[in-house]
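Letters A, B and C mark the chains as written, and numbering starts fresh at 1 in each.
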Amino acid sequence: MLTPLEIEAVSLSLWVASWSTLTVLPLAIVAALILARAEFWGKSLFDGIIHLPLVLPPVVIGYLLLITLGTRGVIGSWLLETFGIRLIFTSAGASVAAGVMSFPLMVRAIRLAIEAIDGGLEAAARTLGAGPIDRFLTITLPLTLPGILSGAVMAFAASLGEFGATITFVSNIPGETRTLPLAIYTATQTPDGDLEAARLVALSFTLSLSALILSEWLGRRVRRMMGRP
Amino acid sequence: MLDIAIKRRQGSFDLDIAFQAPSQGVTALFGPSGSGKSSVINAIAGLSRPDAGHILLDGAVLFDSARRVDVPVEKRRVGYVFQDSRLFPHMSVLDNLLYGLRRVPQGERRIELEPVAKLLGIDPLLKRRPHTLSGGERQRVAVGRALLAQPRILLMDEPLASLDAARKAEILPYIERLRDELNIPIVFVSHSADEVVRLATTLVLVADGRVRATGTVAELSVRLDLDGAIGGPEAGAVLDTTVVSHDPDSRLTALRFNGGELTVPLLSLGIGQPLRVRIQARDVILALEPPSRISVHNMLEGRIIELGEATGPSRDVKIDLGGSFLLARVTQHSVERLGLAVGTPVFALVKSVAFDRVFPGPAGKHIAL
Amino acid sequence: MRVSKGLPNRRLFGKVTLAAAALGLLIGISPQARASDHTLVMAAASMKDSLEEVAKLYERDTGRKVALSFAASSALAKQIEQQAPADIFISADLDWMDYLAKRDLIKPESRSNLVGNKLVLIAPKAIASPITVEKGNFPLLQRLGNSRLATGEPNSVPVGKYAKAALTHLGVWNEVELKLVRAESVRSALAFVSRGEALLGIVYETDAKVDKGVEVIGAFPTDSHPAIIYPIARTATSKAPDAQAFLDFVKSPAAFDVFRKYGFSAAPAPQG
């Protein structure tokens, strides 16, 4: 039914998207908390930097990743020397690229969910003796859960489609970085590759649609659990 | 006991409040919207910080600007009932109730779930979710949650304001029970004269960020200098009475108060039961001699002790009944016609059927209005 | 119905006019409107620096500008197939020109071979050391070690196709296939080596010359791969009035001097 090439592309896409979403999620929660609750000098700048992947061309982001996280880059060389970790040309690197591109989406969704929480509930929790971490764990986090889930799925779906930053940073290596979008691109560049491209496009469509439907269902279940009708 | 004296400036609003709330009964903060009442209990809770002053609870310092003490909210052990209940939507009623309790060390848990649930009638609600409850039910759960947090003081910020008349009537008796059975100060903020007259043991009148008057409801209800702050056109003396006897044949009940007796239509109350009664000033007629062959049952002998300002056609007259006071509203014309002045002995006439405003007094039984 | 001359109507009218003007301006300056004016050349990525210089010469001589677009020949051919408004196409191999010819997308009478090139093995300058490139004596895998070899995508990009042919001929293709970085153009592969991310690369000799960060460590024997020929032709839909003039200029001796400076060789004449 599916050729080995297609199976490889799909499983790689799922792997990359899953890892990128999971690793970026805690960072996104922290960033969203800061943006929703904290006031400090430079907050707008912080907000702007977080949203850069949304407005900059993906290739630019990929290039920035290349010069910072490549083996000669500031952070990349440190990673290589200290931990032996190489990100370029690897699926780990593809996850990083996908993660960076989908980060602002996650932050936005979570931030909105946090801001939607009635601030009075926190005041009530304080009067009942709950300190800041206690309140975060028992009040803020559970009430933000639907938003976190929605942000995570959005990021997952976006990661499935990430192309520009991926191909610029980690290039197009079968089995490592050739996710569905890159496989589609390769097929379109190959003479008479249009049939293969069409098959891959159909696969990509199915995958993304399933992700979105799953997110809807999950969101509804969580909302019910949280007591919203 | 609560001892509070604070100052706070916010923009153009200047707050300068000082009062004490005893450990028993309800201390009501009463005044119009924006007078600073909510700022006061937020300061007691620690949700806002005054610029200067002190807040002491049973001798323990919650706030003292001079000594730079400001105990954080979560450590103050205050029970706060918010106007909008603020129940946690993602928890069941039971989990809401236990939220504060769980954060108190085992050894300090005096107030327990069952008695509170019984007191507030919320047993059948325990497994439900807040969004399925009515407004009155939600507020009762909110009260229960605050109580179970083992508070040293109970703060209630207009808890009945967002309820309709039926829900209010449903929950008032529960608050009266709290007043009578709890041993911690209850500070109750309200802008409704009815609520305050019914519930308060001590009344603190607040206006423009200042305390205008403090005292019992009875005392403040007859003060002429408060321009009917309590009750407006329905202003009148509030008397705490006790039931002394019933006469089933004539369908009348006798109530004794400090300074006399009142005859009212038959009430289904036991002998000795306390009852708080309001006599509206406009229901009081003044006579220089007791009239005969008249339908009025209550002719209370007293002496004019104060006359209100002569603004408009009517004038308020304060009468000393020897222990209690009464307010009468008569026309300025009559004041001149009868030569009413401070010191004039008078008879205050009140119709028995004018007593359609009865509330249970402190530690009193509930009667439907 | 009374037509009001009041302020609100004037404001609305003003807004509509402004919007219409803006729209008109946008349409006016859109590329579409100017497309037919400038000659658009789509050329293989490896031609970048040399062709730019040729175009400058042309402008200096005739005062006319041309638009240049560089990418892998495979990408460009696909774009022309999708009706990209190119006037001239220069490919890095014959296959992709044949691809367009088969689909009647070029003017066959305008086709000729422009230049030739050589295939070389490169390494980052800092660690470059020579290696023998002979059949049976090509320690490529050893030299690679843990690292990767960057070249164009072997299925589509010309430099990758030449590289695959050469590596197969030399008997090392199977070993190194999994260690490839399959870049989407020869310049992309060049950049990876230049940056030290890939320790080896297969590019054209002309690319190695323009990048100071790499050094040629070996050259592929010319019999190990099909001859590297750059054909040039006008597209079937070419409309620019200037296109033929520029095409002739690119084939002129003056232009060839520039190409030779960059390391291109003369192309053999077309066969058959």
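The working rule: a contact is a pair of C-beta atoms (placed from the backbone, for glycine too) under 8 Å apart; a residue touches a chain by one contact, two chains touch by 3 or more.
Computed from a predicted structure; not experimentally measured.
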Contact-graph separation of chain B and chain C, given in steps at minimum: 2
Innermost chain, where centres are averages of C-alpha coordinates: A
Relative to chain C, chain with the most remote C-alpha centre: B
Distance between the centres, which are taken as Cα means, of chain C and chain B, whole angstrom: 88
Chain A-chain C separation of Cα centroids, rounded to whole Å: 34
Whole-Å gap between the CA centroids of chain A and chain B: 57
Chain A partner contacts - residues on chain C that touch it in the complex: 72, 74-75, 78, 95-96, 99, 148, 150, 153, 155-157, 178, 180-184, 188, 192, 195-198
Chain A - residues contacting chain C, complex: 66, 70-72, 88-89, 167, 171-175, 185-186, 188-191, 193
Parts of chain B lying in touch with chain A, wherever the complex brings them together: 45-47, 73-80, 82, 84, 86, 88-91, 99-100, 103-104, 129-131, 145-146, 149
Residue numbers on chain A that touch chain B, as the complex places them: 118, 120-121, 123-131, 134, 138-139, 142-143, 225-229
